[in-house]
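Heads up, there are several structures right after this.
Consider the two complexes below, in which chain A is the common component and chain B and chain C are the respective partners.
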Partner chain A sequence: MKNFCKIIFIFILFILLTGCYDKAELEQQSYVIAIGLDKGEKEGTFSFTFQIANPEVGSTLSAGSDEEAEETISITGNDIVTATNTANSFVTKRIVLDQTKVIVVSEELARSEDFLRVIQSASRTPQIRRGVEMIVSKEKASDFLNNNDPKMEQRPHKYYQYMLNRAKQTGIIPEADLHRFFQITEGDADLFLAIYATTEKAETEDTGTEDEYIAGQIPQEGGNVTQFMGSAVFKEGMLIDIIDGQETRICNTLDKTMGMEELLSTYPDPIAPKYRISADYSQKEEPVIDVSYNKKTNHAKISVTVSFNLEILAIPSMIDYAQNEKNQKILRKSIEKNLENKTKELIQISQEEYGSDPFYWSLYIRKFFKDIPAYEKGDWNKKIFPNAEIDVNFVLKRLDFGKMLNDSNLNDVRD
Partner chain B sequence: MARLLHSQKSNKKTPAKKETLYKDAKQNAEEIKRLFSHGTNEDFISRELIAAFNKKKVYLFFYSSIVNSNSIEEFVIKPLLEEEGESVSDVITNKDITQISDYQQAIENINNGKVIIFIDGDDNGYGMEVSQFQHRAIGKAENESVIKGPKEAFTESLYVNMSLVRKQIRDKQLITELTSIGERAKQSVILVYVDDLVNDEVLENVKNRIKNIEIDTVRNVELLEQLIEERPNSIFPSILYTERPDNAAAYLENGYIVILMDNSAACLILPVTFWDFFHNPEDRYTRYIFGNLTRLIRFLGLFLTTMISAIYVALANFHSEMIPPDLLLAITAARERVPFPLIMEILIMEIAFELIREAGIRIPNPLGPTIGIVGALILGQAAVEANVISPIIVIVAAISGLSSFAISDVSLNYSVRISRFIFILAAGFMGMFSLIGVFLLLFMYAASLKSFGIPFFAPVAPNYKSQGDTLFRKVLRAEIWRPTYVTQKDIQKKKKN
Partner chain C sequence: MHDKKTLKASEMFAMVTMLVGMKLTDTTATLYAQKSQNAFWVMPIISFLVILPSFLLLLFLLKKYQDKNLVELLESILGSVMGKLLGFFIFISSFLLIGLDSRSHIEQIKLLYFPASPNTVIFFLLLCIVFLGAKKGFEVIGFASKISLPFVKISVLILAILIMGEVVWQRIFPIFGSGLTIVLTEGVLKGSIFSEFFLLTIAYTSLRKTADFRIGALFGAFFVLFEIVFFFFVYTTVFDYNSIEKISFPFHDLTQFVSLGDYFTNIETFFMVFWLLAGFLRFIIYIYLLTWIFGAIFNISEFEPLLLPLSFITLVIGMIPDNSVVNETVYRDTLLNYVTPLYVIFPILLWGVALARGDLKKQ
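Up next, the complex of A and B:
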């Protein structure tokens, strides 16, 4: 009986003590899906925008709810976490950042020196995950988040999840999680590519190719105004340039740490230059990056071999590439040449303008150094990469022509 | 006062031990009649007759409710009346006849369904086995049902149960040793073991424990189990309780001890380990792969039933970042209208489920379907619609309740259900941190337990040579050894190839 009383007593204590520590009920928290970072009006202050998901939208229980799917608020402050507290002056629940999917940075802030000051707090707080994707928006981040109005995926976390996943698969945007950002920035070599996006329409110039755009330039009718295309290039924690979708794709093909699944692209028709040939580019093997380094001269020779497969999807010129071997040879050469040239252009820009590479190639030179100080003394960014001799080879392993080899004969059809 | 004491003494109905019989049969008959309250006791029968072989008066006593009256007539009364011969044992054709020299024996004989006779001029009485206790016929195992495997279950008769066990093991070494317990009303307890396999230490231990029970009555093995176990306060059982003779036989073959009693449609098996509670006979009757699949599912069930509610509490209250956003928002949306803290929600549903279970067992059969309607409708749907609990709680409680049935052993089932509540409270205290802490404490406690000297997690920890039947079992052909933590005698049960 005495024992029994003791057990009951402990049981009651348990119930009383339950609820201490950092317990928090789910419904007493607001879940931020996207964080926007802008420059504040005063020097040293920033404007933070939080896009908070409304749990009632999209769950079957409250199908009749006519509330908005998200609430977007902006507040000025010094860092992200304290801003959540200030925001509680008009947000009803505790704001938690655990579920954040993206951090949107305005181009203006990203180009300034202050950017590193504000983003470093993201690495300090355990609330923000390292997997959060970084988006650079052409306009202010608060405008971006407010204008973004997906029609199908109303719930913001789903929108970002699907949108970014698919865009990454097609290679038009890079993988840009916060972890990678800190890794590259701290490593003091290479360039970090952030996702570039905008909700503003820019002057559209119809280039005729499908991926030589940056966000905002793509001629679009209907749908959500938000476009994700291209990348923002960060050097040492500061934005230095924007590259378009095609260049981003090249970066993805040359960088072993990036995953890219498929790439539908067009190439100039070598025989009928008026037309372009569409093809499905796939890269089954990783590119071979062969680095040789001369310690005395601090000079590197990098030779890159990319083997790829191609499946032709459309030949609008209706020239027989499938069965005419001579034509096929011309096509092969032309595509390889085309890819090599574009790549070389990008490498030239990065060597001469950026002074570093967006391909994370510094990984392959590190093995030539004894320790970190020696590697730092070698200086990839300033000395090795800009002067490196880089040779790029694209090797077309397999060329397929789809299930029908012959195109319709135009003359036969129109007689 | 002295007279009162005296009269009490002369009227007492239990004779002192070894009070020998009188020389006179008539006097004995009077004493027996007095002891058994003849006249008041409806089914206590006394009969007098003149034996044909020596023309002397014979007194018969028996309980009419527990003897076979045909046997009495045919094998006792008829020969006494008709047959000629030298002595009683010559005349009586009954299968078994014992001499009685004191009242204690006489009383036991009558209580155990024998007929006793006193003959004029004979110093001794005689007891003859004619008992026929009424009991249920052998039925199907209801609590431990299997699809593939024998269907017979023990029934509430000691001799039937012994027969069921002996049918499984036809071995002359299979011993059924009788002891009796109870100070007042004695009951027979049968220890069954294979003599050249059993662990003598454990056997001695059990015998001592049974001998040391000083209690008026012990009616069945369910009560006996509680009287011989080592730790009555422990939440883990230390004796296996099974209603399947084939299960008992499987243990006997490995050197375990089985205890049988009248009035129990089950037996006790000891010593046991955690794995014995976890196993089900069907695991061995189905093929290797199939049996192990069931084991895997049962282990999943064990995990889910103990942990799922607790993990849900821990995640939702302390680690919301671990829940994927879709689910998180769905739970949050549902929880916005619920008045209780999440842990209360869980406790309400878990207790409701326990109520349904308890009511389901106790409810009279004709009312059975009602409980389903009440349970499913009121507790499931209506509670959600009334915003008393959120729908996900119903799922969590249903999974945890349902998977608890995967643990077929009654005793372990209780342990699991109790530990579930402990874990829920622990998770509500400091989340995953305290949940893991309490789990470790409970696990350490379980590992420290011993059942009649055998560690609870043997043969895994500590490691012993055994047939390797723990979480998963081996192919039957690869089971070479007997569990050496139980028996040391003949440890190889199959030739190595």
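Up next, the complex of A and C:
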């Protein structure tokens, strides 16, 4: 009898497993993958767009179902969480934000002061994670989400995950999660870079290089219309400028908190300027940023040394760089010089125009101050950085030429 | 009731770690960070240094007066009335703290995992489990802590490894945070975050040997200190000073942030299981020790039936603050500050009296 009672008791415990108040049926929830933020028509209101994934699509169980992979809806409101509630007037299920991968902000909203208000309220809810990526779209965020039409990765969560991961590996877009956004914005010293994307084609100017584009300018045929390229520069929570893929890559190389895996890029051929040399740039060590700071004058000297390796992939000019040592020396010099110049240009823009740095360099000045009041008084972004003396050095550690010793001699072939 | 006395130093170690180590997951970090910004990770060291001499002194006295636990020691040194009075102070201060601590624990569970459930229900369930666990007695609690310790610590270690990629160590600068004086004074005032060490001394004679108690407690104390400092360091370097002040539960923000590769994203529930387990054990140990002290003060040798009313009163105290923000920034903050002098001074007082009475010269 005693055993019987025990068994009954254990079975009663099973009822608890369902949870009473927070019972959630998977079937009765709508998972939002992307949130779009736009300005509302009235001052102080916003328009929210939710891209809701359909979990049925893409699973093996649902063969033959012709439901769409996603549903995109827009609604005006005050903040994200209450908007999900209002949206239930036409969405059948409870909207949950747990699975959100990206927040898309229209450039218009990002440039206004209201942006910080709405994004701050997003961080208050535990539903939105710190890993959510921030994308700035050239057009309205609702248009962006509606136009985005991936052909291969139809399930939206996989699309964003793979798309952003790959683009980040190549360095053409920055790492831009909310965690970083709040750190940099609240830290009030550096510039935050958000991913820049668009579904609208802009006029393309063929620059001849492969990364001097911002989203929309890349000459593309076929495929999804959405392009991710370049970054949106935020200062104190407001968008101030857009920089292209190449500049984003430079930021990535100079910032130790950014990860970048490989970078295929071209450099002008020093001997035959008509052509460009393609190479695989890799950076095994973090850049060495050496700051010396003079307390009296509040002046800093920053010397940056980036050591990198290069593997040559193509030499269209067919000039012998591999075995001719003199040529090789010229090539090394020219590539280092090229990188240094581009970096200096970007630094100059950030010193003069932005008045702060997108490289998270305030980290290195902090050790010169004994406490935070002193550090904030020193004022990195208004006083120290814009007047700092910055010296950039790129050091090419190793130059590889792939598996071919030499290119075929054009003259011999044509003979 | 405790005639078996099977517990060894390892169980003692596990209990100390469970009881105090949970502090790294709750709002203690935020409480510190609001005062001293990015220097808050050194504050546990200061708090620990403030508490340590008193704790060592108490251990020394316990060793001298063999076969006595905390309350018996108080009584034999200060006399019956004064001893009981001091014991009662210790009981009350810790009891208030457990009420607020459990409230903060409830808030975490509610906010992160059960947003729709009412506070009272979660509180009630927690205390049910705590009551049932505590009823099993000291031996079972000790074994349970020892068995679950590796799981809890390994899960925390996994979290630490996963978050390593986000650590930017330069964020510890400027080294003195909001200013050296603030860091020092706040560190000293918050010495009471280690006050649980003193509660454990009620169990001084209930281990197999008293040496086991000393070894376990000291190793546990240093391990806990290391663990807390390490995690506070991680919080500082991951969140930076402006963000950490605003985050109520940094531990859970970390668990929500990390992912295991591309496939296993959103893995916070994995950590939640072990965190809940550790939380239960912490409050089981806490309630049990407090009831024990209460029983000892009022000469109730069969104190275990008191667990139920005391659990219930804990619930009542925990429900007093209106919301978690008030609970943290007003009640808990103030209480921790007020309690610290009590714990720092009473062992010194005991020692002084014992010295004056010449008790220490014997043996």
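In this section, the second predicted complex is superposed on the first by the 397 of 415 C-alpha atoms of A that agree within 3 Å, B and C clash if a C-alpha of one lies under 4 Å from a C-alpha of the other, contacts with A are read in each partner's own complex, and residues count from 1 in each chain.
Basically, a contact is a pair of C-beta atoms (placed from the backbone, for glycine too) under 8 Å apart; a residue touches a chain by one contact, two chains touch by 3 or more.
What you see is a predicted model, and the numbers here were worked out from it, not measured in a lab.
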Please work out whether A:E56 is in contact with chain B alone, chain C alone, both, or neither, and reply first, second, both or neither. first
Quick one: classify A:A374 as touching chain B (first), chain C (second), both or neither. second
Given the touch rule stated above, what does A:S334 touch, chain B (first), chain C (second), both, or neither? neither
Check the residue A:V96 against both partner chains and state whether it touches chain B (first), chain C (second), both, or neither. first
Which superposed partner A:L26 touches (first chain B, second chain C, both, neither): first
Answer with first, second, both or neither: which of chain B and chain C does A:F182 touch in the superposed model? second
Determine, under the contact definition given at the top, whether A:R155 touches first (chain B), second (chain C), both, or neither. first
Tell me the contact category for A:R130 with respect to chain B and chain C: first, second, both or neither. second
Indicate the residue numbers of chain A shared between its chain B interface and its chain C interface, in ascending order. 19-22, 98-99, 129
Over in the complex, which chain B residues touch chain A? Could you list them? 233, 316-318, 320-321, 325-326, 328-336, 338, 341-343, 391, 425-426, 428-431
So in the complex, which bits of chain C are touching chain A? 37-39, 111-118, 121, 165-166, 168, 170-171, 173-180, 239-243, 246, 253, 256-257, 259, 262, 265-266
With touch defined as at the start, can you tell me which chain A residues reach chain C in the complex? 19-22, 98-99, 126, 129-131, 161, 165, 179, 182-183, 186-188, 256-257, 259, 363-364, 366-367, 369-375
So in the complex, the part of chain A that touches chain B is made up of which residues? 3, 11, 14-15, 17-27, 29, 31, 33, 53, 55-56, 58-62, 96, 98-99, 101, 127, 129, 155, 157-158
